[in-house]
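Structures follow.
Here come two complexes built around chain A, the first alongside chain B, the second alongside chain C.
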Partner chain A sequence: MSKLLKPVKLVVIAGEAGRVTRKYPFEEPLVTPDFRGKIEINASKCIGCGACVNACPPNALQLIEDKEKLVLRYFIGRCIFCWRCIDVCPTGAIKGTREFELATDDISDLYTHVVHSRKACASCGNTYATEKIIRYVAEHASLSEEYLDKCPDCRKRNFIKALSRRRSGFE
Partner chain B sequence: MNSLLKKSIWVFHLNTGSCNACDIEILDALTPFHDAERFGVKLVGSPRHADVILLTGPITIETLPKVINAIEAAPRPRIIVALGSCGVGGGIWHDTYSTIGGVRSLKKILDEKGIQVDGIYYVPGCPIRPEALLYAIALIKGLVSKKVKGEIKYAE
Partner chain C sequence: MHSQTLLDRYIQLAGKLGGKHLVEGDMVHLYIPRENLVKAASTLFNEYRLTHRTCVAIDERPLNGFFTLTHIFTDDSSRLYVLVKTYLEGDNPVAPSIVGEVPAADWCELEAMDLLGIQFEGRRRERLVLPPYWPDGVYPLRKEFSYDQRLNLHAVSEKIEQAVETGVPVPIGPYHPALHEPEYFELYVEGERILDVKYRGFHVHRGIEKLAESRMTYQQVNFLAERICGICGFEHSTCYALAVEKAAKLDVPERAQFIRSIVLEVERLHSHLLWLGVAFHTLGYDAGFMHMWRIREKVMELAEALTGSRKTYGINMVGGVRRDINEEKRKKTIEVLNELEKEFSKIIDVAISVPQVKKRLTGTGVLPKEWAVKLGVEGPVARASGVDRDARRDLPYAAYKHASFKVPVYTEGDNMARALVRVDEVKESMSIIIQLLDAIPRGPIMLDKYEISEGRIGVQVVEAPRGGDIHYVLTGKGKPYRWRVRAPTYNNIPALRIMLRDQSLADAPLTIASIDPCFSCTDRIMVIRENGRVERISFNRGVPL
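Showing the complex of A and B:
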């Protein structure tokens, strides 16, 4: 008899417990405020310094250098959502979101590129740094302004030239 | 909506050397709390019964021949859903000596061997939330639209 009544008991238990299943795609997900999702890069604040690239454990953020351009590439498919890049960014250009619904059928959806233009050296013409990082340095260290438009090699060469001129009197 | 998967999706769970975090989340998605069976998802024990292969892990060299066997055993149309950062892009192991680094390298190897795959879905996350897996299933079913989009931004 008890064997026959077992389904009835189960129905009673299920009735007491009520519905537990979430209706997820049709309702809001259960995301806590400290959940870490995908990051968003603000291109107008980013200076292309590469601090986030050094901090990124799985190399989801990478710098691709060209003669004219410098590209910061963010690949969500490799990101482990540790948010270290947010901690190290000097300008606060990277912001964290709670976004986790990142499923896609096309891999190119997972890439974000931030394109920077590089500045050419005033004396030799080679590109050496992004224009925005030079502006950032000029704002924060006003003394360095006279060297800023030259590449590191030209700076060294000029320094040695100046030194030799001072020591010997000729170049 | 994926035109190849109009009926119930039967999934085969294939661990290719993952840390088991994504595997636990897959099981979580199948429990009554999240209940992937609402969409007809059923976990099957053999790739021969599966429509979709849930691939977790960065595919280690040791598991590679077994992974190829399992994918070859699945009937056409066969869809791979790469789960987690490791499955999609190799994750933190993308350049280590003992892994091949995610599903894209696997696709190249499968193409060389002449094993066709009819579609790959990518679900990033470390680990994926159970909701992220449900979202991917809903995306296959055509219940939700794609949110993430590739961008090229210019820093003036």
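Showing the complex of A and C:
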């Protein structure tokens, strides 16, 4: 008889468990403190180096360049919330949040843009790296201002010129 | 490390068949001339009783001018991987087919035919992975095919072939309310009895292997590997990371290996609880389903606390893991598991005693041991049919050598046996996690610096909840040159034909569910998803059934 009634024991189990359905969204979000949600980019700290872009597996972070500007674009639609960008950012500009309620009826909500202006080369006038990255390098490496304010092409040209001057004495 | 006599027999085999050998860690590479490949495969499979895991075809023309075909065997008793490699000449290479001797190699040969254009002697080309309207002579995994190339394809329907003369076809899928993923079964029935079954899958090819070989870096592939499967993703990323680490001979910190094992077992817990719930649901025992999933939620929260995400944990890297387990998390994990253990025992005890559950599970969907061996089935499906095989014990990886656990084996081979294997494994998993948490060593969790040189090979088997995942990596410049993935369902689906025959139609959904199929895993590889029209092939056509 008890064998036949065994399935009924589930009622007792259900009673002990009580109500487990939570009243989300009227209750606090259900995520734990370690949850990885969307990222936030601190535009004042970002130097536009592109380390996060190289690390990002799904290309949610992209660099878009033109002559004057360099834009770091973050698109939540592609983000897998792995936080690799946070690991690799040299300046700590990217911060993780616990935010996960990201649905929207306006796709522009899903984009974040960080706009950097690019520095013009002191000798040829072409733009090269972002102004911030040059400042960052100047702070962290002992390179002279004169060297940093030129684009890589001009640096090369100057180097070769200097070499030939030293060897031959001519320009 | 390994007993010399066992190694000797492989070395002698290579010598006898005019080939060469190379022993590297736990991998034995045998280079066999193509005319002796069948002989070698047959000896390994039928005489030495090795497990055939899969085969890998590689376009190595940019490196050495050859296509190559590698059959991967594992010697589970002596913890060895035996890789039989053959070089194939020409732009339209022809390889000997081993399917007559090794039925388990059926699908991987068809896949090599589809993706790399390797012809197999005595086998007609039929589409397995690619759709039927894919143009001839275009082979996506060849190196000259760029990963973002788009072909102008026009879907056409295929002539329907009937598997058996008699019988009424009953289609299940590809989109069916009871199925979670696109797959297509066609059951031929006479009255209530199933006469034969056809399967057509591979509707969700995502071109993962090509993508990894073309666009991604070693570290990025971890996250892609994790997305092969929505349920056992961590197994795939661990498997990939271990394969690369083996190829590059990296010595990963012990603590990282422990964390990997712990998280792998957490994933197994959630997967088995999910399966038990789904099985009860399929049986119409929804109360059991609800309670299984209620306690599963605790595992999901545990996973989130340990890794930062409920699923797709994203903590694996080549060289270690990204999240540590601190004292607080350790305590919490043990607390959750103790509670879970009590609840699970209570619920499963009641659920298994429900007459309708008992009756419908017992004696249905029987897979005899003989077929389980022949088709090389994996995981709980194999263990329920008396095949004592578990990569965690047989080919220990991560930190499993530090834990002691039982491998449940049942001999009945029916749906009940498959359910009970999983019930036992849930209990074992909980004990493994607690053992590993007790023994976890201190230290770093990630290698600081390492180098991955080109042209090295790594193969790894990881026991996922559904069976052995296998990843093969041939390293290249900053990314894998070739990455081959085989998920366990790939080997388990062909067994469904045996299980379903002569069964009642009403039990078919349960039996299909009993292998815990994961179609996205199985379908992982290819490039095309343009509205695949259902086409039909009978699976296992190459195998005399």
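Criterion: the second predicted complex is superposed on the first by the 153 of 171 C-alpha atoms of A that agree within 3 Å, B and C clash if a C-alpha of one lies under 4 Å from a C-alpha of the other, contacts with A are read in each partner's own complex, and residues count from 1 in each chain.
As a convention for this text, a residue touches a chain if its C-beta (ideal position, glycine included) is under 8 Å from a C-beta of that chain, and two chains touch if they have at least 3 such contacts.
The structure presented is a predicted model; accordingly, all values stated were derived computationally and were not measured.
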{"item": "Touched partner set for A:55, first chain B, second chain C, both or neither", "value": "second"}
{"item": "Which superposed partner A:168 touches (first chain B, second chain C, both, neither)", "value": "neither"}
{"item": "First (chain B), second (chain C), both or neither touched by A:2", "value": "neither"}
{"item": "First, second, both or neither for A:20, with chain B first and chain C second", "value": "both"}
{"item": "Touched chain A residues, chain B compared with chain C", "value": "B"}
{"item": "Partner chain(s) touched by A:99 [first = chain B, second = chain C, both, neither]", "value": "first"}
{"item": "Partner chain in contact with A:142 - chain B first, chain C second, else both or neither", "value": "neither"}
{"item": "Which of chain B and chain C A:34 touches, first, second, both or neither", "value": "second"}
{"item": "Contacts of A:109 with chain B and chain C, given as first, second, both or neither", "value": "first"}
{"item": "Touched partner set for A:83, first chain B, second chain C, both or neither", "value": "second"}
{"item": "Contact residues common to both interfaces of chain A (with chain B and with chain C)", "value": "20, 57-58, 80-81"}
{"item": "Interface residues, chain C side, partner chain A - complex", "value": "216-217, 219-220, 222-224, 227, 287-288, 291, 294, 297, 301, 304-309, 312, 314, 322-323, 343, 346-347, 350-351, 353-355"}
{"item": "Chain A to chain B touching residues, read off their complex", "value": "20-22, 24-25, 29-30, 38, 41, 43-44, 46-48, 57-60, 75-81, 99-105, 107-116, 130, 132"}
{"item": "Sites on chain A touched by chain C in the complex", "value": "3, 6-7, 9-10, 13-14, 17, 20, 31-32, 34-36, 54-58, 80-84, 87"}
{"item": "Residue ranges of chain B touching chain A (in the complex, touch as defined)", "value": "2, 32-35, 38, 85, 88-92, 94-95, 102, 104, 119-126, 128-129, 131-132, 134-136, 138-139, 143-144, 146-156"}
